[in-house]
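All remarks here apply to the structure that follows.
Chain nomenclature is as follows: A, B, C and D, assigned in order of appearance, with residue numbering initiated at 1 for each chain independently.
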Amino acid sequence: MLDKNGIAKRIAQEVREGWYVNLGIGIPTLVANFIPEGMEVEFQSENGILGMGPFPMEGDEDADLINAGKQTITARPGAVYFDSATSFAMIRGQHVQLTVLGAMEVAQNGDIANWKIPGKMVKGMGGAMDLVASAENIIVAMMHANRAGASKLLSTCSLPLTGVGCVKRVVTNLAVLDIKDGAFHLVERAPGVTVESIVEATAGTLIVPDYVPEMRID
Amino acid sequence: MAITKSVNGPEAACDGVKSGMTLMLGGFGLCGIPECSIAELVKRGVDDLTCISNNAGVDDFGLGLLLQKRQIRKMISSYVGENDEFERQMLSGELEVDLIPQGSLAERCRAGGAGIPAFYTPAGFGTEVAEGKEVRDFNGKPHILESALTADFAFVKAWKGDAAGNLVFKATARNFNPMMAMAGTITVAEVEELVPLGTLSPNEIHTPGIFVQRIFQGAHYDKRIEQRTVQTR
Amino acid sequence: MLDKNGIAKRIAQEVREGWYVNLGIGIPTLVANFIPEGMEVEFQSENGILGMGPFPMEGDEDADLINAGKQTITARPGAVYFDSATSFAMIRGQHVQLTVLGAMEVAQNGDIANWKIPGKMVKGMGGAMDLVASAENIIVAMMHANRAGASKLLSTCSLPLTGVGCVKRVVTNLAVLDIKDGAFHLVERAPGVTVESIVEATAGTLIVPDYVPEMRID
Amino acid sequence: MAITKSVNGPEAACDGVKSGMTLMLGGFGLCGIPECSIAELVKRGVDDLTCISNNAGVDDFGLGLLLQKRQIRKMISSYVGENDEFERQMLSGELEVDLIPQGSLAERCRAGGAGIPAFYTPAGFGTEVAEGKEVRDFNGKPHILESALTADFAFVKAWKGDAAGNLVFKATARNFNPMMAMAGTITVAEVEELVPLGTLSPNEIHTPGIFVQRIFQGAHYDKRIEQRTVQTR
């Protein structure tokens, strides 16, 4: 079973040389920590920076330089700042190759819900709806079950949607799953996790091939 | 000769703001928000306001200050998760809230300033954001029709500016400010430093002065940090 | 009767303190020469400059700094450069208070034709259609008659239109005319020009008040 | 680590350009045109091209060079008045020409790059530009629906650039270049000066590198002036 860093590490393996990547708040943010040294990859944060670097050294933080999670950050050589319209032109115009974001629910048809729980305080969708509606390549990073123990991989989302039919791949603490032809397809299992336990933890239709390799996380 | 937009301070800059008006306020989180104008709006006590701003501040800063005084009737935002008073007013029904995808919010402000009354975007298709909106397929993909946003007053905050209203922003404090500057009937810009005309390189100006009607140098900036994340040395 | 400079001089009287003004190619360009010293007025050129100054001194011309007529120009203190999308955002969004442009024909309903003569080489509309469709305040600067001697102020335009119902005022070598309620209204006559000669030179419906003052051009 | 876009020169930058493709070319008149890329396209002899560019050059420079060699099948422009060979080919029917209002052309390129498939504009309503296009009233004023433009290759010219593809333009040579950079499937940027990564201030970059796939420093720039207007000293 993977912890949050393990999920981020596995997702980092999906990132290709030359890609611009948008990382959502939470587990997705951690992905940046596991990109191999020297790999040509740039991180976009939708509040207006391309070429986001690590957190600043203590005392160097600048209130004017933050990421979409409102965290203080730094800029790498070659970085650029821009306004919100230009930022979403990049996203909507599919100039960003990969979007990684969290979810409350994912359905076997690729629907995603991650912004609203009826009756509870609604925080808003932020940039998530623009990201999922536009990205060619969306990976969801999340726990396989919610805090109540219920599966987050469903036949149909029960919560208000963020986007329809857009998720291609999900990486959880238990497995890597692809979404195609209206079903989840088990691709890899987390170290030490059995196929049976993944089947049990998945509420939506799950296609299991004869051989399911274990993830290689160094 | 350049058209002079400079006014003495926030009081003169906010002249004409009335209860019931629609205001735009730049910033993302607490980054790049028009601090001095917000303080002046609190002081004036105008209420029944519709505020268009990506976020709603925190309890004791930014738009939270206007919420505390119940000056806002309706918020149009993309994310409002950092404010308990906001939550209370929203759940009790005192505050009307219209949530808009962040990219659509930015583009709708730009459209308002650019004389484009409506445009199609894929964002929000199939969600409650699309309810009541026209859906049309382009290149085999469904899009929804979004309309332009404008405001009676737009309040933006820049790093540097000149008397002609030309603005330069710093780092990610740029965010929504340029689009909102375009969309205000009267756009008020507050700047950390008002520099002499001709000092800003015409090549490096982010917001041309034509979009700004009033400009002043703020007396003081808090520039609070919401999430101070650092590496220890 | 006015020459081209006279027309420009008369139009300059229409310009108000604090206005951004777009001047078309030809007579309109001359208007800039007659703005009173010290008046706060800025000229926008739609290829991407606000704060256009006079032609450069010999030897100072810069191929990268031109106006919409492709002429070398200078920038005044407070000037700013921008891209074409931003430029037309200013125009379409009605941030420019006055547009002055030439015309081949103007109709008594405010229609304007200034870009195409069927059968002849078509040069294109450039920014004219955006300007006339958006400007709140459009003044046409032109000769009252074309080179063949025919009136350019018509009941209906015969040439392909540039914009519909948009012209509010016309300044010609003979007169100042307003367009309202589907007719031309004679406002002023050029020095030494009789009302009769204006009536004769105007093909469209012309409303003539009892008293028609002569322009004051110093 | 920054994504490197630099290539050796125009030959490498134009790799993959084929006859029949749609190209965008930045510039207004002869100001800010991709001189070196145009020379390379002439050399390659690709033809049957659709070229989207505000103007069509002059007889012996800019796009005029491609017209001379009959490499262009169709021009999409707003103003084409400075070119005799263009006139000849157009009147004889050899060349197809689509004329678009300048503001709509700029906005359609931006829309193509920004994932906005269509938008409404008042420009061209009631004229032949509106023929076959949807008309809709907004705020009591008729508008027409215009669609996004994209290109297989976009060629832009900047003043300075870095290996990450970040671009800075000079004065009015900016014009259509930023929007076309956004709208090319492959965007080729040629620059007068390729500067080391980190040299350009992230605050002052006009076109973020994400929009640029290839960049090179041009060997030589003519930068011809169409209308040399000066005051005598």
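Things worth noting here:
The definition used in the following text is that a residue touches a chain if its C-beta (ideal position, glycine included) is under 8 Å from a C-beta of that chain, and two chains touch if they have at least 3 such contacts.
Every value quoted in this text rests on a predicted model; they were computed, and no experiment measured them.
The interface with the greater number of C-beta contacts, when A-D is set against C-D, is C-D. Put simply, the chain farthest from chain C by mean CA position is A. Chain B and chain C have Cα centroids separated by 36 Å. A separation of 55 Å divides the Cα centre of chain A from that of chain C. Taking each chain's centre as the average of its CA atoms, chain C and chain D sit 28 Å apart.
Multi-chain contact residues of chain C, defined as those touching 2 or more other chains: 49, 75, 81-82, 85, 88, 91-92, 134. Residue positions 107, 110, 114-116, 121-122, 169-171, 202-203 of chain B are each in touch with at least two other chains. Shown here, the protein chains touch in an arrangement that is not a line, ring, star or fully connected set. You'll find the chains touch as A-B, A-D, B-C, B-D, C-D. Note for the complex: chain A touches chain B at residues 45-49, 54-67, 69-73, 75, 81-85, 87-88, 91-92, 111, 121-130, 133-134, 160-165.
Residues 107, 111, 114-122, 138-139, 143, 147, 168-171, 202-204 of chain D touch chain B in their complex.
On the side of chain B, the complex with chain C involves touching residues 1-4, 110, 112-116, 162-164, 166, 182, 197-198, 202-203, 205, 208-211.
Of all residues in chain A, only 18-20, 38-42, 44, 49-51, 75-82, 85-86, 88-96, 134 touch chain D in the complex they form.
Touching chain C in their complex are the following residues of chain D: 28-32, 54, 77-82, 87, 90-91, 97, 99, 101-107, 109-110, 121-129, 159, 169-179, 206, 223-233.
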